[in-house]
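First comes the structure, then the notes that go with it.
Naming follows writing order (A, B and C), and every chain is counted from residue 1.
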């Protein structure tokens, strides 16, 4: 099981957002660090198959990122997402399950199970508009893992979570990383320093650091500050 | 009936025939793949008899292979670890009683009462008349009751 | 032990707990059960209360207007159709409006497909309205079919065309205001058309030709809308 990025490039009219990135990603938690504007989100969107690379390719087990079966193996939590008005948490998950092609019966069980996992059981039938930011984020995480994805893309997943939720979330991610390729993008070093098996650091569309958890143990924060020090760190 | 449910039933049937859980699983998957070559997923409920016929033929083919002569020796053991933990004593009783039936009666009983297949489909799978299915089911149930009753008296 | 007890016991015979292999197989193949028809039903189901309510209200208004014994009938209907179109467009652009497009795009059934399905549902709904009102008008007013089609179809199509252009190019949820403006303008159009025909400045046939041209443009725009990968909307990043 391997996700292969081969010279992936995304060029917009004026600038190159992602510049010939190549990597081979195995199951485990992969932290993608970088300041805002480093190209993380663009890269993540290309891995999700919703943004087409200007050149290069992304494939998983022989499937290109634009294939239906590739998306079938994918779970995605965007940086920001909305919901249709009047959706309850349960409606939202059921809708996503249907779009992921999960049949109704197993979807219902799966949704209940996941709402429990993310601790939203009691709010399942409440309207999403009554949810707090953290609750909505947890709901987003639940929809991302609905289809037991082999590739899980999480873009700034801890945004809006309180410290307690962050800890619980980290444990959940570490668990998922046991048998899926989890790519977690963040600009907060502490989000990933204990759970990432591998860290990629991005700057100006390039990967400037690629190391395993063993190499990064001590100097990650330092390296990050060195690279991004003085830049927007929130 | 969804695939999961149908798969489980077909697996139980094949396990009953082969007494080898891994082999039964191979056969079930092979059955589905063969079935889907000529049918769509939606057809499985309509063409249940055809699905079971494929499975039955595959099981019979296995019997003809010499390497499986001593299947009775590894009876149950192979699949034991996959038995549900809450397996009750009742169930072991019924399975023991079933094993004492002649193979053809056992098969009919399992298809009808375990897999809850209708008589018309069973007749198609086994290749006998519906009337014969009814008659033999009755016969099988009587024998089964006798087997269970006998044990209870022991 | 009765036969009944035995039958109950038999239900559990040879029960085997599912293996990983079984789970993987079922998961892989079970998804065959989701068909295009299911997506249609899904989209119908999640159409949204507001869209459905406005649709029902419009149909009621059509019915009411149709009851009038008034030769001006055709113009009222013609003015009302763009409003119907607006409601439909609202349904079409809802992913963008409510920020669901990224989630939908990354799911198994791509947003392109979902958009196509939505457009098809919307298209069918309006087609029914247009055909029914044409027939009603033909009976009630005695105009010939082509004239009626030209009169009621042109504002509607102009509205549809304008709205799809707006939805395609303008991805923020505020695009709805643009759509409302277009609908408003096209609603007034029948009044002008009526005057033009009454004063014999324009022949009714001109509207039929106009309708055909605008229809072609609308179809083209719709295809672009569906085909367009989400690239354009992400260009801001």
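Here is the rule we use: a contact is a pair of C-beta atoms (placed from the backbone, for glycine too) under 8 Å apart; a residue touches a chain by one contact, two chains touch by 3 or more.
Predicted model only: the values in this text are computed from it and were never measured.
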| item | value |
| --- | --- |
| Graph class of chain-chain contacts, one of line, ring, star, complete, other | complete |
| Comparison of A-B and B-C by number of C-beta pairs in contact, larger one | B-C |
| Rounded Å distance between chain A and chain C, as computed from the means of their C-alpha atoms | 33 |
| Separation of mean Cα positions, chain B and chain A [Å, integer] | 45 |
| Cα-centroid distance, chain B relative to chain C, in whole angstrom | 51 |
| For chain A, residues contacting two or more additional chains | 103, 106 |
| Two or more partner chains touched - positions in chain C | 30, 33 |
| Touching two or more other chains - residues of chain B | 2, 4 |
| Sites on chain C touched by chain A in the complex | 27, 30-31, 33-34, 38-39, 42, 46, 48-49, 94, 98-100, 102-111, 114, 229-231, 234-235, 237 |
| Contact footprint of chain B on chain C as seen in their complex | 1, 3, 6-7, 9-19, 21-22, 25-26, 29-30, 32-33 |
| Chain C-facing residues of chain A, complex | 12-13, 17, 41-42, 45, 48-52, 68, 71-72, 74, 76, 78, 80-86, 95-96, 98-103, 106, 143, 147-148, 153 |
| Chain B residues touching chain C - in the complex, by the definition given at the top | 2-4, 7-8, 11-13, 15-16, 21, 25, 29, 32, 36, 40-42, 79, 82-85, 87-88, 90-91, 93-95, 98, 109-110, 113-114, 116, 141, 144-145, 148-149, 152 |
| Chain A-facing residues of chain B, complex | 2, 4 |
